[in-house]
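Each of the next two complexes has chain A plus one more chain, namely chain B in the first and chain C in the second.
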Partner chain A sequence: MVGREPPRQRGTAAATVRGGPRGLLAVRLPAAGRAGGAAIAAACAALALMAAAALLAPWLTAHDPVATDTSAVSLPPGTPGHPLGTDALGRDLAARMLFGARSSLLVGVVAGAATVVLGTLLGGLAAVAPRPVDALITRTADALLALPLVLVAMAIAAVAGSSFGTVVAAIAATAWMPVALIARAEVGALRERPFVRAARGLGLSRTRVLTRHLLPGALPPIAAIAAFEVGHAVLTESTLSFLGIGVPANRPSWGGLLADARSQMLSGQWYAVAVPAAAIVAAIIAVNVLATAFDRHAAAAGRTW
Partner chain B sequence: MSEQRRSSRIRPWAAAAAGAAVLAAAAGCTGGASDDGAGASLTYALGDEPEQLNPVLVDEHLDPVTEMVFRGLTAHDADNRIVPSLAESWDVGDGGRTYNFTLRDDVTWHDGAEFGADDVVFTVREVRDGGLPTSHKFAGVEKVTAPDDRTVVIELAEPAPALLDSLSNGILPEHLLADKGIDDPEFGRAPVGTGPFRLERWEHREYAELRAFADYHEGPPGLDEVVVAYVPDAATRLIRLRNGEVDAASLEPRQAAQAAQAAGDDGTRLAVYPTADYRGILFNMADGMFDDPAPRRAMNHAVDREAVVTTVLHGYGAPASGPLDRSAFHTGGDGYGFDPDRVESIMADAGYRRNGDGIWTGDDGPVEFELTTFAEDGLRAAMIEVLATQLREQGFDVTAEPTPRDSVDWAEVQAFLIGWGTPYDPDGSLYGPFHSTEALGKGGSNYGSYANKKVDGALDRGRRTGGTEERRDAYADLQRELVDDPPYVWVSYLDAVNAVPADLEGPRERTLAHHGYGFFWNVHDWTRAD
Partner chain C sequence: MAIFALRRAGAALLVVAALSVGSFVLLELAPGDPARAVLEARSGGRPVPEAAVREQRAAMGVDAPLPARYASWVGGLVRGDLGLSYASGRPVADEIAAALPWTLLLTGAALVLACGGAIALGLTAGLTRSTALRRCIELAMFALGGLPGFVGALALLFVFSVWLGWLPSGGLGRPGADPAPGDVLRALVLPAAALAFGHHFGVYVRLVQTGVARVRDSVHVAAAEARGLPAWRVRTRHILRPGLVPFAARFGAGAAHLIAGAYTVELVFAWPGMGRLALDAARGHDLPVLVAVVMVTGGLIVLATFAGEVATARLDPRIHLGGKG
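Here is the complex of A and B:
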């Protein structure tokens, strides 16, 4: 019967909730060596290109990304004046991709940063706070991890209405848990180390020990996961926009472009779907490759004690 | 579980298109989709599903199932003129204040009970007093009586020519509802009417299955079974049609072109009928920023309606010049058309100047506002994008900002792409949206709080005068006034596009209602050749 998803295997569902990323987000750097180096260079180049496209969008295209042109609808890529073609309302797809990069990457970076800050603060707090606060934070994190997070993000976005702020909040509110758990573990381990004990012994306040010694010491592993969080945020933003509850509908974003193009799939305009989808995939793979490299670098730098 | 059951039931219907032999075999192994094994059936995919199947609970949006199950005293013919239905004749006396209906004597309810005058009295009285969405239709009824079982007399406080139209709404059975009330939710799930089809089962959010009512007073219908499958997503409807899971479907304009190409290959054809359903930009007059009629007039010349119809509606629609284009009361001669020169002259004459960005600027600053609509409605969302661009090109700083239906706060809206229109009596779709007593603040459907004394006067005359000529004059005045002081920028009328099996005979073109409802108006005449 069309319209019903086959039931997902229980084991897989549990594994994805507990066992880290899946699908696109699970893409990692190839084995170290020349291939790894090339991958890092390519990832850097791709991200730099995308960032440049986003920053320079108004100068890179003559078209207004929301202006319709009823005399130039559904043009294929390669049409003079419209390198990527136009959508069903005659909006230039190249302009929409460029301005869409602004929305998608901005949300990705801001939401990724918000996730990391929120997660680090909550995790650090859990590690040094009295037991009930620790329990509250870790149980909340566990409970959230057990939920399908896109559903939670959808609920937040649907209730609060679509805006950049809501999307960032929805992503941060549903992605802080892994960061918090890592931060908590790191800070917890650091607390017992001699230099921290020495700092306490010298009479430094709890807050000062936390901000001066504990959190900075926990940063390297958090930094590695931070990059993954950016990739996650880009994907979540696309998902929410695709579902119509992400960035406002009249502002182009990659996920929104996908949603717009969905209806054109059946009429053979595959490129309208392929272009934004390729951009999302490329951005996430590039971010993940860099994150893996950073992770390995941190490990190689002797983050073992 | 129910999903499973449904799949085993729908497949035989799909197979019916392929041949009666296949159907008989399939019916044999699924326990029988139809009792005689070779009955003609039709499975129709539709997006909207009502919460209840009760005609007194819906104004203007009568869904196909309710339409097929119920009959009113009157009905509309192919030209939307009033014709007899459960009433075989009537006469009007006392200057349009008294209506005498003679009912048919061969009508039975789907449960076998006999239909009579008491049912009519019950329905009219309960609807009038029930505080229902349709109550306004009978608000002017002073007295409704049944001198005998085949006669109903309705007395009005003042003439109400729309009454015959209102009585086309379904009559409900007194013997089932006298105790429970006319809006009994249980009845709304398992309705009993006098129409050509009776509801066999209704799986909410899935499908409604209707069987021919053999005792229908105009003779047994040509089809034995009609199934309405509820499929909210338009793309899914088209896919199901292609897969043969349904054999008819309501389609969106952008799909119609694709479906038209496939038609013939997949055994379907398109039935494209005009509707009285229009789209227009409503201005929120309570805001104060639209007090001056000049920009509203100019914007009526600033939109290129043909371009909207071609691109957004893919040609399945027509430019709109007012609320009555598809009505017998249309007087036309309004002169709205895409005309940048008129925009320039209207705005310049009214004292507006273009500022540095090319935006018309008056004493209160530049003309800039947000144009919104229901984000869920893809067609409207696309329309506002195109309209905003067209208006920006003519110097009106308009931003398209679709809003989810539940977040729309009418009091806060600046401009909204709205839809109204009826192919039946004009009063129903004019008085609410444009009369000042129906303003938003007074709980009415005049969401833009438009107020114009001449419009009010014309609407009152149209509602209360008995003669057709007087009404024609009243609505001609109305249409002139709406051009002079436009509450909306009228944009376009929509066509209803339905894919039906190539062998289906009987659907007849008629100007349909909101959302293309009314497609099944003559369903008892439909047959399949297979």
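Here is the complex of A and C:
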């Protein structure tokens, strides 16, 4: 709901907040010298471990993640053959965690990438397109930013039916706005710079100026926010799966595991909740740590946006 | 002030109009025949005769052209007629009316908690001269940023309800009966806390903190201190008030996130609110209910955004009222 200002002076109070629309995604890790380096290393290690678990899932466990076993129901962790125990239907929790990493991380990365591509395209378009198109895109972004996105994602999932593609589409459709607003601001700031004017003066086409001269310059800040978008996508996927409208129910995911484990927790078996919850929290925090480092690195390279 | 409020109200109306078009398109995109869905819901899933379906189609105006259907849908919306639920065959407005007060109670309590907590923590972090304390708060808020609302809700549920047994694990007394106010209050504590201190709480603390830290060293604060005003007065009147501007500017978005977070929290604590309603509707493809929830929530958020904008303007006299931007 920003008024009719020119692109570079989006003058309502919301735009004066440092960090701009990115402030909505995550809090940055406070700068912490040597400890910061350790945090980055830990985050890399955690993510590498999760990626390895996801890739090697079939070889790391002998159990089928969806096979029920009525003779081994609600076993505690440490039971021989079931290192993390089993759930109320006798499904092996270790296997479900490993295969769940596949859904959760894959959706996180694919949806994060889709969000960034969609946001960059729309933001770039808004910056170079005629006024009405610009207004349409920015107004839509502002309006969507003010909506409860889980609700919008829920509506999309309800209409389209639950599938991997739907989840990715729902996340991308509800998370592109911060990327688009940043891309628009960056491209808008770049387009008056001498080298871009020179390129246009040389008679290059609009498309070529956009793809060769404007977008590459706008990429570093977009890359920094892209990492936050991955963390956000992991969070949204786990929320949707927890609500039962994420990836299909027969494919394990960490959010879905938590939904299954709620009743177990009420009868005192806290570990059924603790393991997937820890995985989700660790994944999001690790991604946010890396994103902060990335953001700071880009800022230290002379970009303060 | 009046002109500013009017302009903002106009913008809010535009958003609501766009929302209604989007919701209507969503309704139209849905596969299946709404008339048949309503009849089957009433007959308990048994097949219904074709003649009855045709009659119902005429009664619901399904065959009318698109603009006419949109007009009649909006007309119904304005009158409070939100159509019939596919799942129960009852008017959607009744279901919303039953669920809305509970969600308002929950989000209202969470909003108070979140604002109070964010102002207290943000003020502390923004004013303290102790780097260690500030670092601690920032680090805690960063960690909180990785905690989805429902994970925090599950943790609270386990600690205070299953383990310590202090508070109820969910629900509101016996079904059917009106719960006693004391029961409601006890049942409200955990969901409200889970909702307020979800993964967006850190953002609000950071907004208050940066706002306060920026104002702290300004000339007017030094002047207020030099005049010998008591410290608490300088803090509340001269630092906090202008320092709250970034926070107030995000108030609408904050309310939106609270309402969105309420869905998962309501699920964890079996709270009979809009989230429960929307979730059942999404699972059962009950689109009239889902669209009604989207419209009502969207309207609430537009109201909250409007309130946030007016509050921002009141807090920061430099924002020109009625002028440009």
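Just so it is clear, the second predicted complex is superposed on the first by the 274 of 305 C-alpha atoms of A that agree within 3 Å, B and C clash if a C-alpha of one lies under 4 Å from a C-alpha of the other, contacts with A are read in each partner's own complex, and residues count from 1 in each chain.
The definition used in the following text is that a contact is a pair of C-beta atoms (placed from the backbone, for glycine too) under 8 Å apart; a residue touches a chain by one contact, two chains touch by 3 or more.
Being a predicted model, the structure only gives us computed values, none of them experimental.
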First (chain B), second (chain C), both or neither touched by A:I284: second
First, second, both or neither for A:S163, with chain B first and chain C second: neither
Partner chain in contact with A:F242 - chain B first, chain C second, else both or neither: second
If touched residues of chain A are counted for chain B and for chain C, the larger one: C
First (chain B), second (chain C), both or neither touched by A:A143: second
Partner chain(s) touched by A:V152 [first = chain B, second = chain C, both, neither]: second
First (chain B), second (chain C), both or neither touched by A:N250: first
Which superposed partner A:R262 touches (first chain B, second chain C, both, neither): both
Chain B versus chain C as contact partner of A:V66, first or second or both or neither: first
Contacts on chain A seen with chain B and repeated with chain C across the two complexes: 1, 3, 158, 244-245, 262, 265-266
Chain C-touching residues of chain A, taken from the complex the two chains share: 1, 3, 5, 9, 11-14, 16-18, 23-24, 26-30, 32, 139-140, 143, 145-152, 154-155, 157-159, 231, 235, 238-239, 242-245, 258, 262, 265-266, 268, 270, 273, 277, 280-282, 284-285, 288
Interfacial residue positions of chain B with respect to chain A in the complex: 3-4, 6-7, 231, 234-236, 238-240, 243, 245, 254-255, 257-258, 304, 307-308, 310-312, 375-376, 378, 381-382, 385-386, 388-390, 392, 399-402, 404, 407
Complex interface listing, chain A residues touching chain B: 1-4, 66-71, 73, 88-91, 158, 161-162, 244-245, 248-250, 262-263, 265-267
Residues of chain C defined as touching chain A within the complex: 8, 11-12, 14-15, 18-19, 26, 29-30, 135, 138-139, 141-151, 154-155, 157-158, 162-163, 169, 199, 202-203, 205-207, 210, 245-246, 248-250, 252-253, 256-257, 259-261, 263-264, 267-268, 278-279, 281-283, 285, 287, 290-291, 293-294, 297-298, 301-302, 305, 309, 312-313, 316, 319, 324-325
